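Chain IDs A, B and C follow the sequence of writing; residue 1 opens each chain.
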Amino acid sequence: MKHLLGIEGMTFDDIQAILATAEEMHEVQQRPIKKLPTLRGRTVVNLFFEDSTRTRSSFELAAKWLSADAINVAAKGSSASKGESMRDTLTTLDAMGIDAIVMRHAGSGSVAQAAGWVKASMINAGDGTHEHPTQALLDAHAMLRNFRANDLGTLEGKEVVIVGDLLHSRVVRSNALLLPQLGAHVTLVAPPTLLPPGVGAWNVDVSHDLDAVLPGADVVMMLRVQRERMLGGFFPSEREYTIRYGLTAQRLQKLKPHAVIAHPGPLNRGLEISSAAADSARSIVLDQVSAGVAVRMSVLYHLLAA
Amino acid sequence: MTDFIISGPEFADGTRRDLFISGGLLVDERPHGAETINADGLMALPGLVDLHTHLREPGREDAETVESGSLAAARGGFTCVHAMANTQPVTDTAENAEHIADLGRAAGHVQVVPIGAITKGLAGRELAELGLMHQSRAGVRVFSDDGMCVMDSALMRRAFEWVKPFDGVLAQHAQDAGLAGPGACCHEGELSGRLGLAGWPPVAESVIIARDAQLAEATRSRLHVCHVTTAEGVDVIRWAKTRGINVTAEATPHHLYLTTSEVIGYDTVYKVNPPLRTDEHVEAIRAALADGTIDIVGTDHAPHAPQDKDHAFADARPGMLGLEQALSVVMETMLSTGRLDWAGVVDRMSAAPARIGRTTGQGRPLAVGEPANLVLVDPARRAAVDRNASASLSRNNPYHGRDLPDPVELTMWRGRVTHRR
Amino acid sequence: MPSSQAPGAAQPKSTPERDVTPRAEASTDVKSVMSASEIARAVTRMSHELLELAGGAEDLVILGILTRGVPLAQRIAGAVSDTEGVEVASGELDITMYRDDLRSQPLRPVGRTVLPGSIDNKTIVPVDDVLFSGRTIQASLLALADLGRPANILLVVLVDRGHRELPIQAHIVGRSLPTARNEQVRVSMTELDGVDEVTIESETSTL
């Protein structure tokens, strides 16, 4: 594997290999000396055109724990003919002789475009509303760890429900591509205004009725809804959204005993997810965060070690 | 000025005769001391007329100039181009329009007719000086805010009313700004959802066409719809024409040939506004061009420098080159499929555009007394398109590497050869 | 033990039916150098030597280096436990992330290190099947350094085949085997390969 551009384009073997290695990386997180020499001398640049403290620090830690040199570049998103073109930004960095660029950008497909311009390995840390592959991998990894710890088997045959602003979400696209490959069944729940066009052709079921779907769920993944979308007419009011599509305290009662709650963060407490849900024992949100470093270490290993 | 004898060309009606050119006109007597051009195996057609070209001068001379753009036009078999108003500064005054006409004259490759903006600065708020642009040396007849859609219905109505006395025509870029905002960059559908690109739904085109057609009806003025791309848009135009509304429409070569699946891979050369659409829409456009619901082919030639395109797909400037391959693509999609014959091609690419633009001396039949505006075409020759072998200053050519007809042998404008292979 | 090196220098261990038509071909010469019973005896002796060197089983942690060091370590730990009558601590050490040859090889899957507890102040006994260049052991020393601070490290290997590239020596060796560089020493363990055997493979060309 030279690049990680998305779940699309990964083979099943790639996915399994990355998840298997991620499992071994947890051990490093428990040690007093959080260091493996494996990527010593490799250089990884975090090129973030969109800010994200969480994802960026996760990649930075992953690189450093593998002894790679890691730097962060906060690039300015430039619209056409203002300042440096995206291509110039990429090729300038590449010319410094770095090994990998972890890139986040508001433009869907931008990381794939960049891969055609540089010699370095490109890692997609989120491109527009297209994909966020390491997020999907860490989500699956966190779910698998939870199931194993509770003797619930694997993702095979599990029901994963994903709820929220799916139209503007790259996380849902990557998860919808990954989870069925691992044997899970995915149901998307969103108001009609927040569904991606052509979602009927995806390998998922779609529902507008959260209450009907929750009792069958093994995992409920809540995705964030931005308040500003109200101004675009995507939903009439925050309370209507929450009452019809939010994971309220009352909805927690409908869940199976072992069902867990996931959220990629950051949370909009009170909008898509209640504090009761976010803070409940079912929440694996913090496990997702620790899974994130392990998965990203695994990705860096698979792309850069050999 | 050289006289010419063009010997043995075939005409669109299938007949064959020699053409005599003297003093810039087609004459009936064989001139003496003339240069003979052997046109055996070639067709002689009226020079092509483009109602929709972007020459980036003034403002973006790094991407194209009137000189380079009109040279590209001559290579494409054109003898006239209408230059859209979205330059920097915008062509919204008589002086700006005259300046562009002067540049065209100085370049001397094709007749360059400036298009005037409908609104000042293309801002969509106040009318531009439509009448003064018309009465200037530039003689503007076609007005367009292309690039932008005039969203204000009341303003659009006033514009229709203002141009009516001098038979002006409003050419609308039909894109409802609410339904397809500035970020919309890909035909809304399964592919846009999968690629994560903001969708541009067909209804954003058809609602504006419907509104404008009804305004044209109410004011009894003329509407021209730029670059129609949807089956829905075609249906509205068909309805308007059956009602006797004075509406004409245009299709671009790329919307006859390319589909939205080109966007897989996010190559920004395929980013264009309105976007490439699915097979069913391409088919609807071809059928409409064949039956005349769509009246003309307009290239929407849109040169862009690398720094305009080397961005994330959503951020790149939309637009493709079109002048040099326009005839090739029309031959490939309409002629060789039997949907148009040569007479039809001449109508859609020469006569009808000149009629809509009221451009005298262009789009005329090849008959004695008419200006010698013509193109000699080899109907059989093909070649792989090389984007680097272009007169344009830009290289955003979507046909690069594709095997297409390579027809243009010679272009003549007012009796002067402007391009020879 | 004859080692075949130069083309045509040695005849393969041939059956009478072997075709001796002269043509250039590469074939693999496989020699068995330790049988199952020889391995068993070596394991017994090594476990006794280990106990003698360490002065007892207390504070011993026997770690098999993945992959073939693991069953070997388990046998040695078993033998030590039987002799002493106490369960000796054992585990497994994966050194993939510490290898110095990652960039020149296809990507390897990462195995799991399993430690019975802290290794601080213990006598750590890495166990491997073959000691060759010494780089695997170097990697295991780096791995152990990141896991804690042993009081002592005693290296146990079944076969020492020479050709060291680093100053590394095993404390306890099952069998010393002089080999040529281009020969392959294979240790097969029943737990992984279905049989106990040590073989040397060499390529010969016959003309």
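Convention: a contact is a pair of C-beta atoms (placed from the backbone, for glycine too) under 8 Å apart; a residue touches a chain by one contact, two chains touch by 3 or more.
Source: prediction; values computed, not measured.
Touching chain A and chain C together: no chain.
With centres computed from Cα atoms alone, the innermost chain of the structure is A. Chain centre most remote from that of chain C: B (centre = mean of CA atoms). Chain centres here are Cα averages; for chain A and chain B they lie 45 Å apart. Between chain B and chain C, the centres computed from C-alpha atoms are 77 Å apart. Those residues of chain B in touch with two or more other chains do not exist in this structure. Against chain B, in their complex, chain A makes its touches with residues 77-81, 85-88, 105-110, 112-113, 127-131, 170, 173, 196-199, 201.
Here chain B touches chain A in the complex through residues 188-199, 265-266, 268, 305-317, going by the rule given at the top. Of all residues in chain C, those touching chain A in their complex are 94, 97-98, 102-103, 105-107, 109-113, 142, 146-147. Those residues of chain A lying in contact with chain C across their complex are 17, 20-21, 24-25, 27, 31, 33, 35-38, 66, 301-302, 305-306.
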